[in-house]
Every structure is written in C-alpha cells, then in structure tokens.
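In order of appearance the chains are A, B, C and D, and numbering begins at 1 in each one.
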Amino acid sequence: MESLIIIALMVMMLVAVWLIIQSRNLFGVVVLSGVYSFLMATVLFALDAADVAMTEAAVGAGLSTVLLLGALYLCKSEEGKPLHRPWFPLALSVALTLTLMAGTVGLPFFSDPMAVIHQHVVPRYINDMPAEIDVPNIVTAVLASYRSFDTLGETTVVFTAGAGVIALLRRRRNGVTNAK
Amino acid sequence: MTTLAGSFTYLVTFLLMMAGFFIIIARGNLIKKLIGLGIFQSSVYLLYVGPAKIVGGTAPILAAGFTVYSNPLPHVLILTAIVVGVATLALGLALVVLIRESYGTIEEDDILKLDILPEPETEQA
Amino acid sequence: MRNDLILRVVAKLLIPFILLFAVYVQFHGDFGPGGGFQAGVIFAAGIVLHALIFGLDRTKTFLPEPWVESIMALGVLLYVGVGLAGIILGGNFLDFFVLDADSITGQHRGIFWIEIGVALTVAGVMLKIFYMFAARGPIDE
Amino acid sequence: MSITQHLPVLQVALPLLAAPLALIVRQRRVAFAILLAASLACLAISLALWNHVQDGSVISYAIGSWPPPWGIEYRVDRLNAFVLVLVSGMASLVLLFSWRSIEAEIAEDRHYLFYTMFALCLTGLLGITITGDAFNVFVFLEVSSLSTYVLIAMGQKRRALVAAYQYLIMGTIGATLIVMGIGMLYLMTGTLNLYDMAERLGPLQGQRPVLAALAFITVGVSLKVALFPLHQWLPNAYTYAPSAVSAFLAATATKVAIYVLLRFYFSVFGQTIFLDLPVRPLLIALALAGMFVASFLAIYQLDLKRLFAFSSVAQVGYIVLGIGMGNAAGLTSSVLHLFNHGITKGAIFLLLGLVVFALGGTQLSRLKGLGKTMPITSIGLVICGLSLIGIPGTSGFISKWYLIMAAVELGHWWLVFLIVSSSLLATAYVWKFVDVAYFQSPETPAAAGRALPLTMVLPALLLTASTLYFGIDTRFTIGSATGAVASMIGAQP
C-alpha cells in the first residue's frame, strides 16, 4: 500500500513536469512548479523524510514560487518563445539518461535493511545517539551535532545568497558613476 | 511491489533529471531555464531519500514502540541540497531581473543578438 | 489591498500567531520535525505578510534594512562563535561536549545556539531578498 | 592544547568570520582591513600546515570531536597543503590589488559587499581543498560558486550579467552531477568520508554504480575545470568580470577544481580503478583538443583579456594531459603546472588590471604602442607570455619539461610532438600582443594613462617576478609537487 501511494505520487510529479515542458505561459509554469514541489514534498513525507518534506513544502512550494512570481512581475514577461530546434537537446538528454540508467543497475534495492547504507555509519546515529546527545529527532542530532559543520556551510550558502542579492539589486545612490 | 517502487524511484530520478536538462537547453526564456534547473537539482532528492526508506520503518524520530527507523543521514544531506537550490534560484532571478533591466528582454536569442551590437553607453537606472 | 479592512484585521490577528508558530518550530526541532531553517522561513513569512498588507514602508519602520542585513550576518557570526567557543574551552571546533561540565547538557546547549544562528541568518536573508525585490518596481513604467 | 593544533579549521573559519563582519561594518576601509588581516593569517596558516606535512605526515582534524566517519574530518596532506598555499597566497595579493582597482570598476557603496563576497569565495575554495568529507566538498563548492557568480556580475558591462547567468546555469549543472556521483558512492559504501570510502570501494572494484559515480564526478568537475568542450562559460566570465576577480578566479578557481579531480581519482577511486578504465585516453583526447582548439581561438581574439581567457582553457589542457598520462612524471607536471600556471595567469590578469585602470579597457585596438606608454606592464606581460609558451627560465618551462618527460617515459613520441607544436600556437597568440604593443604606433598620440598606485603595481610585479623566480629556483615547487604526487600514489619520493 505504502509503495503504491509513492508510485502514484511520483507519476503525478512526472505529469506536472510534462505540463511544465509543454506550457509556454510563464505564470502557469510557475504555478505548476509550485505544484511539482508540493508533490515532491508529499513523496518525501511518504518516504519517511518528515524534516525534508517540511522544508521542501516551505521552500520549494512556498518561497521559490513567491520568488518566481516576484521576478515575473518585475520582468513583465508572460510568455516564453516556442521551442526551437528541440531535437538536439532531446537527443542529448536522452543519451545522458540512458547512460545514467545503465549505471544504476546494481545500486542497493529499495528498502533492503541489510544494504550497506543501513549497516555502516548510521547505526551509531540511531543506537548511540540517545547516550551521546539525547534529542529525540535523529535528523536534528545528525544535522546539528555530528555533521554540524555541513550545516554551518549550509548557513553560509544562505548568507551568500542574501549578500549576493544585495550586491546585485541594490539601487545606486546618486552621483556614483558606474556605467553598465 | 516494494521492488517496483524502488526501481521506480531511480527511474523517476533520471526522468526528472532528463526533463530538467531538456528545459535548460531547449528553452530560451531565462526564467524557464531556472525552473528547469530547479527540476534538475530536485531529481537528486529521490536518489538519496528513496533508498533510505525501510518499509515498515518510521521517520527517524525516536519514539516508544518503534525499533526500525529509516536512515536519517540522507535526509540531512538533502536538507542542505534544498537550501542550496533555493539560494541558487534567488541569485539566478536577481541576475534575470538585472538582465531584463539592461537588455529589455529575457529571451536568450534576443540577448545574443543584442550582444553582437556594440554596447550602448547609457547609464542603467 | 492596503485599504481592505477585513484583510488588515485578519492580518493583525494572524501575524502574531505566525511568529509564535515560528518560535514553536524553532524549539520543537529537537523533538519533531523542524528547526532553525524552517523557523527562519516561517518567521520571514510572517513579516512579509505584514509588508504586503500594511505596506513595505511601515514594515521598514520597525525593521530597517541595515538591521536586516546585520541580522543575517549575526546568524553566521553566532554559529562560528559557538564553533570557536569549543576551541576556547579546550575542545575542537564546534565541539559541544565542552560547553558544559555535563557533556549531554553541553550538546543541548550547542544545538540550541547554532539553531538560533541558522534561524537568524535564514530569516534575515529571506526578508532582505523580499525587500530587495519589492523595492524594485517593474521596468518600463 | 595549543592553538597550532586547530590550524586546519582556522584556515577556513577565519575567512568565514571575515565575511559577515565585512557586511556588518558596511564600510569599505574597515571591510578591507578585516579581509586583509584574515587572508594574511590564512597565508601564514597554510604555510605552517605545508611545513608540517613535508615529512609525509598527515594532519587529521575531527570537527566537533566526532571521529570520522561519523563526523566531518579535515585532512591535510602534501597535495592539498600545496594548493592551500596557492589559494591563500593569491587571495592576499589580489586583495591588496583590489583596494584601488575596484575603485575604478565598482560603485563605492558596494565595495563592502565586494569584500564580503570575496571572503566567501575564499572560504569556499579553502573549504573544498582541506575537507576530507565528500558532501562537505559539495557544500563549500556551492559557497564558492554562488559568490563567484555575484563577483562576475559586478563587472562594469552588462555582458557581465549574462556571463554570470551562463556560469550559474553550467556551474549548477556541474555541482548537481557531482552530488549525484557522491550519492551513488554513498549508496555503495555507506560512508561520506573520502578515506573511509576509498577503503570500502576496494572490494567493489568494477561494479557499475561505482563506474557511473566516476563518470558523474568526472563530468561535473570538468565543467568547473572548464575542460574542453565544457569550457563555454569561462571566456565570457573572465573577460567581463572586474579585473581583480578575473585574476583571482584564473589563478585559483579552476585549480581547486583540478585538485578535486585529483583527490577523487587518486584518493577515493584509487589508482587501480582509475588506471583500469578508459577514462585516461578520454582525458588525453579532450586535453589535446582543448590545447589546440582553445589556443587557436585565442589567436583570433580582439580583446586581450579574452585572448588570455582562451589561453587558460588551453593551459588547463596541459594539466589534464598530465593526469591522463597517470605516471609519476605526468602527475608531477600536473601539480607543478597547477601552481605555476596559477601564478602566471594571476600575474597576467593583474597586469591587465593595470591596463584597464590606466586606459579603460583591453581591446587590442587600444593597446597600440603599449610598450612605450606602459613599458613595465608590457614587459611583464611578455615575460608571462613566455612562461605560457614554456621558454626556459620561466616557471612554465619547468612544468612543460616534466610533461614531456612523462610522454617520453611512456614512449609516446607523438605526444611530445603535439605538446611542442601546441606551444607554437601559444607563441602565435603571445606574438599578437607583442606585435600590437611594440611594432604598432598608436593612431592618436597616446594620452599618458593615469598614474598607477603602488598597491596595484606591487602585487602584479611580485607575481611576475615569481613567474621568473620559480623558473630558476625550483626547490619549493618541485619539492612540493613530488611530495604531493608521492602522497597521491603512495610511493616514497
């Protein structure tokens, strides 16, 4: 049953992406990409990734959509041009995908508790964490303590984006000459 | 059914990747390209989170009565990936807005046409 | 939108709850899903709602732009500061064990402060991006 | 417990601390002072680390006191210590240069933002280099990439925006492919620590996902390296970025990407997996194609900055060629050229920054008679040009010598021939500059350019001088490179 729901949700995601490819109306595309993110969040939730699902819903479906709508408003752009010369890109993407698929034969099976990712490194996070850190949410423990340096990097990425947007979009004060 | 769902996750990962890549190279609108880029980036989520799931397991939040938890490590990594995605989108859109202001268009071919002409020496607003 | 009475009243009622929810998500992160990042986004959403309903200028009177810039920087500083505190107290960088005599309390303390750092930066950045986009009217007008 | 023990993490934490501080102070002067202090401290730290590992020891630092593979490990060996010295040294010099250079190119109320982004870029590059954790590589790669996009977009012309956008798209594709590859490696090994991963990959040799991961990482990093034909973002980015940014990127960004390639090939996949695969012939073919096509394109450029940007793509070819050959001499030449070319290209772009400062642009039509109007700058450019060609007495000669030795060792005489003939192409594009600067007189009597400030001239000349110095006294470079190669392939020097 669980698997069936996951499959159904993923099919809906693919449909959303298909519509995004097809559509030329940018406003529609933005809304669809919000829908896509929301479906992605649901799939992630069904895959037991509650924290990730929550973040994807807030960021992908919420924030990104708002940013995109804002940019659309600023750019006054409604319709993209039609596809031109789609065959070369299509061939390239298909070739890429086929190579990828060939590579995945042999990746661990879904839901195999004996797969190496469940046997190495992670057991300490699950079994010893109550004695070492003692917070109920294991994701928080890994994110904020075991791998807290990654989270520092992540915070820096957010900071970089913020400072970067300031650097790009700040209005120039009068009297500064900087011809662009 | 479980195996099917598993292979399907991988399949969807690659289909999404392909779709995102296709939008990036086939579409000339700069905003649409960024949307494609977002899909391309988000395909990774399933590659990481799919295999982390254990059927019959539960979300990795310790609670009485559960002994089998899905693997929390990929979740942590994907949280970071999502944040990176939105950071890239914000910067990309800021660039698009500036391009629109100085070129008057966000269609790639129009911009390339304008770039062949000599640069106008006008002050940007 | 600014003159719609119903919107203004609803927003006035809603915004405190959004901010409260952000605080809940922030401190509940140890127990359920959530944490600094999500809390920062929700907090910023609350402020953005205020700006949409009451106008950006009014929002800027109690959250001026330089403050927002400083908040996003403070978050990173706080995070790195916690890391350096680990070194000063005799451990490694980001070592939470040494933050308290009891290592588990130390861990909790470390997680608490870095999550606040994350929330500050995320909320600051989201707000700042909103300010920057909103301050730029559409072109050709 | 002494502070020296924490040097590996301070290497990254100091510039990371400088970035938000520069943003808070909102003042050009203070932001510059903070950054200069941080980058000089970084240089000192990297030299100390370099000195410490020269006996072949490896420094491992467990962040958060969580032992690897559970926590994130910083790990310094002779290979990345050498790269750290290059990155932090270039950062200090370019920073000094930028003080006056950006005055002419960036609006003053954005200077503190420039310094913030510069600090973040430095943090990212150092973080990628020093970390021992696969996912951490990705996180810091994004820090450096995002800041790079902004730094490029700060260029004066509107084309800088398009260049930054294109780089954003291509860079993100590259980064995503890298995460995919890392994800597959994680699924196969269950660990993210590079060295733990290497051990656990041993028995998995030849399995398909491992090979797919290798392919993903190769393509993803090649985008960042600007390996032909994935180099399209580079010429525009280098041409339209502010002078200081072009210099810093040309000297460090692609070099760090090459380091990532070396790290994954030799420390993670290990020599055996790498040697068994058809990756090496492919790398050799692409490297050769890059060397010839990009050099050829360089000859036809009308803008000197763009000409040298294409030359960068060609020179990356030499480095990758050394990796492709895979023997000790080839790898030594790669590591050497990584350093030598970093210095040479840094010098060239700083000298071009002087030209931009004085004349306002680097179009060849503006540079007629440059040998008379800016004699020292022109001589500097000629010296660096000779290093690009590989004339004895310059640092470029040393690395090319090792490259030829490697080809001879393998018995590939045709490669020797190709390397030498691609140098002739380099001669052609360098000659183009010499011709314009010394044999053409300006159409209008050259207005004397602006006087050049010392803070700009000094770093440029220092780098030019070191191009010559490392061509004669090679103890530091060859010693470090052979040590680095020994740590890569596990042999004693």
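Here, a residue touches a chain if its C-beta (ideal position, glycine included) is under 8 Å from a C-beta of that chain, and two chains touch if they have at least 3 such contacts.
As the structure is a computational prediction, the values presented were derived from the model and not from experiment.
Participant: Look at all chain centres (mean of CA atoms) and spot the one farthest from the centre of chain A.
Facilitator: If we average the C-alpha coordinates per chain, D ends up farthest from chain A.
Participant: Just the number, please: Cα centre separation of chain B and chain D in whole Å.
Facilitator: Averaging C-alpha atoms per chain gives centres 27 Å apart.
Participant: Any idea how many Å lie between the Cα centroids of chain A and chain B?
Facilitator: 5
Participant: Rounded to the nearest whole Å, what is the centre-to-centre distance of chain C and chain D, using the mean of the C-alpha atoms as each centre?
Facilitator: 36
Participant: Residues of chain D that contact two or more other chains, please.
Facilitator: Counting only residues that touch two or more other chains, chain D contributes 16, 19-20, 23, 63-64, 135, 139, 142, 146, 149-150, 153, 157-158, 180, 184, 186-187, 192.
Participant: If a residue has to touch 2 or more other chains to count, which residues of chain C qualify?
Facilitator: Those would be 31-33, 37, 69, 72-73, 76, 80, 83, 93-94, 96, 129, 132-133, 136, 139.
Participant: Among the residues of chain B, which are close enough to touch at least two other chains?
Facilitator: 17, 21, 51, 59, 61, 73-74, 77, 79-80, 83-84, 87-88, 90-91, 93-98, 100, 102, 124
Participant: Can you tell me, using the touch rule above, whether these chains form a line, ring, star, complete graph or other shape?
Facilitator: Shape = complete; every chain linked to every other.
Participant: Going by the contact rule at the top, pick out the chain C residues touching chain D in the complex.
Facilitator: These residues of chain C touch chain D: 66, 69-70, 72-74, 76-77, 80, 83-84, 86-87, 90-97.
Participant: Which of the residues in chain C come into contact with chain B in the complex?
Facilitator: Touching chain B from chain C are residues 31-33, 37, 129, 132-133, 136, 139.
Participant: Under the stated contact criterion, what part of chain D meets chain A in this complex?
Facilitator: 16, 19-20, 23, 63-64, 66, 69-72, 106-110, 113-114, 116-117, 120, 123, 127, 133, 135-136, 139-140, 142-143, 146-147, 149-150, 153-154, 156-158, 180, 184, 186-192, 200, 207-209, 211-213, 215-216
Participant: Quick check: in the complex, which residue numbers of chain B touch chain D?
Facilitator: So the residues of chain B in touch with chain D come to 17, 21, 24, 30, 33, 37, 40-41, 43-44, 47-48, 51, 73-74, 77, 80-81, 84, 87-88, 91-92, 95-96, 98-99, 102-103, 111, 115, 119, 124.
Participant: For the complex, which residues does chain B have touching chain A?
Facilitator: Residues in contact with chain A: 1-12, 14-19, 21-23, 25-29, 31-32, 34-35, 38-39, 42, 45-46, 49-55, 57-63, 68-80, 82-91, 93-98, 100, 102, 106-107, 109, 121-124.
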